[in-house]
Structure formats: structure tokens, C-alpha cells
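Note that chain A is present in both complexes that follow, paired respectively with chain B and with chain C.
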Partner chain A sequence: MKKQFDLKADRFYNSNHLWVKKNGNGHVTVGMDELGLDSLGEMAYLTLPNVGSPVEMGKAMGSMEAAKMTGEIYAPISGMVVEKNDAVLENPLLVNEAPYDNGWLVKIEPINWDEESATLVSGDALPEWMDAEIERFESQGIAG
Partner chain B sequence: MGQIPGWQTQAVYHTVAELMTEDTPDTIIISQPSDTYVCLGYHQKLDHVFDRQTCEEMEIPILRRKVGGGGTYLDSSQLFYQCVFHKSRVPTNSDKVYEQMLTPVVNTLKHFFDVKAELVGSHEVEMNGKRIAGIGGGQIGEASIVVGNFLFDFDFDTMASLWSVPNEIFRELAKQAMKDHIITLDDIGSMMSMEKIANQLIEEFEKYFNRKLNPGGMTINEIERAGEMGAFLRSDSFLNSMDDRDGLSKRKPLKIARNVFIHYDEIDIDGEKVMGSFRVENGKIHSIKLDNENSVLEKKLVGKTFESVKK
Partner chain C sequence: MDVLLRPVVPMPEVVLQTLDIPVQNPFEIRKENFPNEITFYGPGLKPHKTSEFSGSLKEFVSISVTGNNCALNCEHCNTKMLDDMLDLPSFDGSLFDMAKNLQKNGAKGVLISGGSNIRNQVPLLHHIEDMKRIRKDLGMVIRIHPGLPDEETCEALADVDIDGVMLDIIGDQETITDVYHLDATPSDYEAVLERLGRHGIPAIPHIILGHYFGKMNGEWAALDIIKKFPLKSLVLVILLPLTGTGMEGVVPPSLKEIGDFFGTTRKSFPTTPILLGCARPLGAIKIKIDRMAINAGLNGIAFPSEGIVGYAGDKGLKPSFINACCGVTW
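Here is the complex of A and B:
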């Protein structure tokens, strides 16, 4: 049986398995989704951009390390960092434990929300996209 | 690549990874460093891992790599394998990436030696229940990387002398744990040459991936870039890059092997706070040296879970 992963319907997702949620004040919160975290394992280290830093969609904004495997964290949206989550920097495991709540990464003031959010997955498209992503995660690059 | 300078053993795979595109062939680099150096994991803070002054006095260079894992001591008694594959051609799950890249390593050990060689905890290569390699991984650009080594012999004393430690008791506790949990090919009486191991490893990779490996050198572009990369990996700016990062200010326990850590921490015994060095195996205190040298208390704490005695 295929593994199931929780997706919050109130946010947008990308193929790096980051989520973006628009807040009431126009800022967006960014975090990692359950499928991405399941493939990475327990988070050991995180680095995040400083408040006031500009970030550009698709460009590295930080880094992470889980199960001795490092990787970049690519900004899912362009804008200015207005807040970073110090709690996950102190305890990176929080990202695994509460990915959609206390385990968020940064808050960004977006500069091109309408155009960029249209490239993310959201709403009715989510279930089908998630099924396809689970399939990709299970089959990609399997050898031996 | 045979024997090459230490810095090149890091620079080459970083370069191949950085220049990799979907059209670049997946690459496995096998090499042996001609000289000794130490190497930090990507996110480690230098002063929490190595003693800069001792490294300088012993003329042992420090590099930082962009892949994960802990600080490593590397010398000519080790054979390196570095797998650089395009990310679209490896599993998305990191456990499965490790399994693919490390199963041929385990099979190489099984081929030559009558030992229990296995991949445990997804990314540790063990022989007879002890660690025989340092493993790390990461993504650089479009490449997915797994690196590791075969230990033919290991200089425990020199490695321990290079650690940055809170005190000498911690160093001794950690050194003993390392001797107890790390095994080398020399320990099992192997007379096997590095060349033979390397050739078998290539054969095992070919078998596992069902692909012929084509021997090849570096392109001119890669050679030029590797020189720059080597300088970057040794540069002060990169070595010190994690110094002011939030969340990295607290010294992490020193990992010796799977589920074996050395902690320097404060514990609370009946309201009294004491600092000490703790060797913790599978969550339980294996051995302990308290700063106040209370040997009665030390004996009482052995076997308890570390979490239960931590402040």
C-alpha cells in the first residue's frame, strides 16, 4: 500500500516539497511538506537567510542536512525575508515533528506573488499532484 | 585516479558535481590521498570540531566539504570512493540513495573477507559490527553525491590529538570509544592491496548498476575548476562560514559510530549540578568522567539512560 501524506489545502506547494501559505498581512510563510521530509529523514542542521535578505524564486536561500545528506533550500517565492524561525535553527527536528505548524522556516514579503504563485500547485490540483509525486518518489532512479 | 594530493581528493568530486548536467555521465571517483588532512562536514563549526592551533603545528591542513557528516581524519591509509550521479537518476529518498551507492562497497568487503559486512542504519558501512568507513552525502547543483572510504589502517592517536575538546578527559574517553568501534582492514589481517580493492569495487558497481564503467580522466575545464575549488574548500571564508550561524552555537556531541556519542554536558544529581564527559551508547551511559572526579557517582550512573540524568 502506498504511503499517505498530509497536505494542507490552504497552501501552495512546489516540486522541492516546500509549502507557501499566504497570511492576512500579505506576507507568506514557507515550510517543508511531509513527503519531502519523509524522503530526507531527521533534520540535523538548517541554515536560513537573515531577516532583510532578498530571496529569489528557485535560488538557494539556505541549506539543510538530514541523515548526513546536505542540500540547498531553494526559495519557493521571491521577496524579502521578514522573519525566520529561530526555534527550528535551535532544534531542526521540529521541522519533522510539526512541518505545517511550529516547524515553518521563514516568512517572506513577496514581490511577485500573482505571477509566481500561479506556478505552484494548489487547490483542486493537489490530490492528483501528490499521487504523481508519491509515484515519482517511489520509482525514480531505482537500480540494483 | 590513484594517489593524488589530499586537497584534490575533495576538489575533484566537488568540481564534477558542480559542472554536472543531465547530459554529463554519472561518475565514480576512486582515489587515495597522498598526504594527511582533516575535513569538516558542511554544517560543522570549525572550532567545535578541530583544534586549529594543533592542526597548524602538525602541518595538517583543514578543509570543509559541501557534503554532510562529521569531521574526518584522512590519510594515505585510506581508499576513497565518491559517487557523483545526476539527481534525476538517483532515488529521491536519501536512504535509498545510500543503499544504491553503498551496497557495492559492502559487496566488495564480502568478496574478499570472511566477515559480517553490512549496511546498517541506512548509511553506515560496518564490518563485524564496527564502523569501517566514514560516509557523507549531499546535493551540489544538479548532482547527488555519496562519498566514503575504506580504512586500511587508522591513526587513532593523531586524529584524537586534532579534536577540539572541552578537556583532556573528554579526549581520552572519545579516543577509547573510537578504538572500540572502528575497525580497519589491518585489524582483520588483510594483506589486500588498494589496487585490488579498487578493482573489485569497480566490478561491484558495474554489477549492481548493470552498467559498464568507462575509465576516464578530467576535462580541461574540470582540471582548471578543481584548482579553484580546492582553494575555496581551504579558504578562511569557507572554513569559518558556519561561525555565526544561528542554531550552531551549541557544541554537538561527538559522534564516534552509529549510536555512539561522546557528550560534554551538565547533569543534575539530587540538586547538585556537575559537568562531565559521557560516552553514550544506544542512549545509555557506557562510561563517564565527571569534572569533580566523583568515582562513586560515576559508577552509579553507568547503565542509566543519558536523557534521564541530563539537567
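Here is the complex of A and C:
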């Protein structure tokens, strides 16, 4: 039986398994989704961009070391970092424990939201996309 | 009074010997005996990328000849380490066929590993002919995890032309009994090193620091055992407490204990390549451990932390990079 992963319907997702949630003030919050974290294992170390840093969609904005992978974190959206989550820097496991809440990574003021968000997955497309992603992870041997 | 009732534990020979060595920075010992070079390894198993190093999962691939099966449910592993290896029993073909496919995808070498029987022997004998073909026909580098190979297995491996045998050396009875649940003694590990040496098989012993539930119990004694035999290289790893194992939540040895052990090992083995292997605690502490390894004059590091290549450069060491197990060269 396939593993099941929770996806919050109020946000956008990309193939690196980062989520983006539009906030009321026009900023977006960024975090990691459950499927991505399942394949990464326990998070041990994170670096995140400083407040005020520009980030560009698809370019590295930080790095991570998890039980099953060490690598870069790519920005899911372009803009300016307005806040970073110091709590996950102090306790990286928080990302695994509360990926959609206290385990968020950064908040960004987007500069090209309409165009870039259209490339992310959201709404009714989510269930089918998640099924395909689970299959992709299993076929590539990267499922947790 | 309690102190008086404790049995007197003899000081390990390696420690006694290093007491006689004039106080010398271990990094200076390295400088005297090796070129100013350091190698960073990416042994596959998991994606590893820092700003200075980019590992490959394709060049060197680990294969488990038993899939996920192991008769020893060791407290530190519980078969978890087999999870990231290719599962030979599920593959439609022989070990040679699997290696040939891997080579087509860019593999230059393989680690042939697997679970053990209750005597900590990995069942390798019926793959010997395939291993010979992997060497002869494909020219691939072969490393082996044999567990505690018996005479017959060593004799067979001697004909394969393997690059090296990697095995944990345990100098403490409690660790053998309580962690491995194995009916063996430290002398069995010594016997294996003797057997490998007699058959001319390059030995690459590993010592796991903190193997006894985070405590340093038999690591110094392991050095005593290893010192008696010829080595290709010596690999130090540190207990990485894995979730879902009996070591979950265990606190690894302190940085001081780790640093002291690195230093003593360098002093005890001044001309042997000493490498920091893949397993060690992750995160911020890993960066400190890696720096200590460089300061103590170790010759190579697997899965280097962010910034450590630059740190080695600052110490005057020229880096090289190999996507394979510690000590492999192409």
C-alpha cells in the first residue's frame, strides 16, 4: 500500500517539494512538504538566506544536511527575504515535526508572483500530482 | 570505596606507546610523512552536495547480496544500513549482470556488502566467480564488506583481486555481546586480520567511536589489535544514532574524546593513511569533527561538511575528490 502524505490545499508546490503560501500582506511563506521530507529523513542542519537578501526562483538560497541527503535549497519563487525562521536553524528537526506550521523556512516578498506561481502546482491539480510524485520517488529509489 | 573495588583495566598499548612519543602536534606528524594533499570522498549511498564538493551516486555503487536481510539485528543498525544499497536478490540477474548494468550507467566500482548470518559472515562464496568477472571483464574496482570472513572465504577472495576488505574491528567484549549480539570475542577480530594478511587481501579496518551506546569502550583496544597487522588504510567513523535502532537517542562521544582519539591514532600510525569515514553525527557538530580530523592530520574525509575543503586549503593541503569509498583511487 502506498504511503500517504498530507498536502495543504491553501498553498503552491514545486518538484523540489517546497511549498509556498501567499499571506495576507502580499508576502509568501516557504517550507518543505511531507513527501520531500520523507525522502530526506531527519533534518540535521540548515542554512538560510539573511533578511534583505534577494533570491531567484530555481537558484540556491540555502543548504541542508539531512539523514539521507546533503544539498542546496533552491528558491521556489523570486523576491526579497523578509524573515527567516530562527527556530528551525536552532532545531532543524522542527522542519520534520511541523512542516506546514512552525517548521517553515523563510518569508519572501515576491517580485514576479503571477508569472512564477503559475508554474507551481496548486488547487485541484494537487492529488494527481502527488500520486505521480510518489510514483516518481519510488521508481527512482528515493522514497523514504 | 567503590573505586577500590573496580577491576584494574590495563592501559591500552597504543596509549602507552604514544606516551613515549615526544609531544608533537599530530598535524606535524602528517606533514613529515605525507605530501600536503587531502582527499575528499563521496561514496554514493546518498546525494551529497556542498558549495565545494559534488558527490555522484553513479560512480561507485553499494550492493547488498542479501537485500534487506540480516540475521544480526545489531543495536546500531537494525538492517537500516542495507536500505540504501542495491538489492541483489530482487534483481533479475547475477551480481555480474548487475555490475555490468551499473557500468553502462557510469559506475567504476562497487561495494559488495550485505547482511550477515549469526556468525557475522556475509554470504559471499557463491558470488566469487561473478566478482572475478567484474574485475577481469569489466575492470571495475571492488570493495568488500565481509563481516568476519572464515578461512574458506578469505581463500576465495584472495583470487578476486579486490581493492580492499572493509570491516569493523571491535576490541570490547561488551560491544560484541550487547551491540552485535554475537557469540565472538575480540580475538576473533584479530584472527580475521591475521587471515586477511596471510592471504594477501588488503585490509581496511574501521573503528566506530562510541560504538557501545555512545561510550568509548573498546576503541583503544581495537587500535592495539590493528597495530599488529599490515593495513591498506585505517578508517575512523563515529556512532551515528539512527532512528528505529537501539541507538536512537544515544549521545555520541564528546568532541574532546573524538579529538583525543584522532590524535592518538595519528601518533600510533604515523605512516598509515587514516581516513574519516561516512558515518558520523550530522549537522553543526559534523563541521567541528571534520575540522578536528584535519587538525589531527587525517588524510581524507568522506562526505565533507560545508566549508571543510576551504579549511583544509587554509592548512596548506591540496584537495582532490573521488566519488567512491575511502581510499579508492581510479
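Basically, the second predicted complex is superposed on the first by the 139 of 144 C-alpha atoms of A that agree within 3 Å, B and C clash if a C-alpha of one lies under 4 Å from a C-alpha of the other, contacts with A are read in each partner's own complex, and residues count from 1 in each chain.
Here is the rule we use: a residue touches a chain if its C-beta (ideal position, glycine included) is under 8 Å from a C-beta of that chain, and two chains touch if they have at least 3 such contacts.
Quick caveat: nothing in here was measured; it's all calculated off a predicted structure.
Colleague: Counting only touches as set out at the top, which of chain B and chain C does A:Gln4 meet: first, second, both, neither?
Modeller: Neither chain B nor chain C is touched by A:Gln4.
Colleague: Report for A:Gln140: first if it touches chain B alone, second if chain C alone, otherwise both or neither.
Modeller: Touch partner of A:Gln140: chain B, not chain C.
Colleague: So in the superposed three-chain picture, is A:Glu42 touching just chain B, just chain C, both, or none of them (first/second/both/neither)?
Modeller: Touch status of A:Glu42: second partner only.
Colleague: Just checking: does A:Lys68 make contact with chain B only, chain C only, both, or neither of them? Give me first, second, both or neither.
Modeller: both
Colleague: Answer with first, second, both or neither: which of chain B and chain C does A:Thr119 touch in the superposed model?
Modeller: In the superposed model, A:Thr119 contacts neither chain B nor chain C.
Colleague: A:Ser15 contacts which: chain B (first), chain C (second), both, neither?
Modeller: Touch status of A:Ser15: no partner.
Colleague: Who wins on chain A residues touched, chain B or chain C?
Modeller: Counting residues of chain A touched by each partner, the higher count goes to B.
Colleague: Given the touch rule stated above, what does A:Pro92 touch, chain B (first), chain C (second), both, or neither?
Modeller: So A:Pro92 meets both chain B and chain C here.
Colleague: Considering only the contact definition stated at the top, list the common interface residues of chain A for chain B and chain C.
Modeller: Touching chain B and chain C on chain A: residues 44-45, 47, 63, 65-72, 92.
Colleague: Can you tell me which positions in chain C touch chain A when the two form their complex?
Modeller: 46-51, 84, 242-243, 281-284, 286, 303, 305-306
Colleague: Provide the residue numbers of chain A that touch chain B in the complex, in ascending order.
Modeller: 38-41, 44-48, 63, 65-72, 84, 86, 88-92, 136-137, 140-144
Colleague: Enumerate the contact residues on chain B facing chain A in the complex.
Modeller: Residues of chain B touching chain A: 41-43, 66-69, 85, 88-100, 103, 122-123, 135-139, 208-210, 242, 245-248.
Colleague: Quick one: in the complex, what on chain A touches chain C?
Modeller: Those in contact with chain C are residues 42, 44-45, 47, 63, 65-72, 92.
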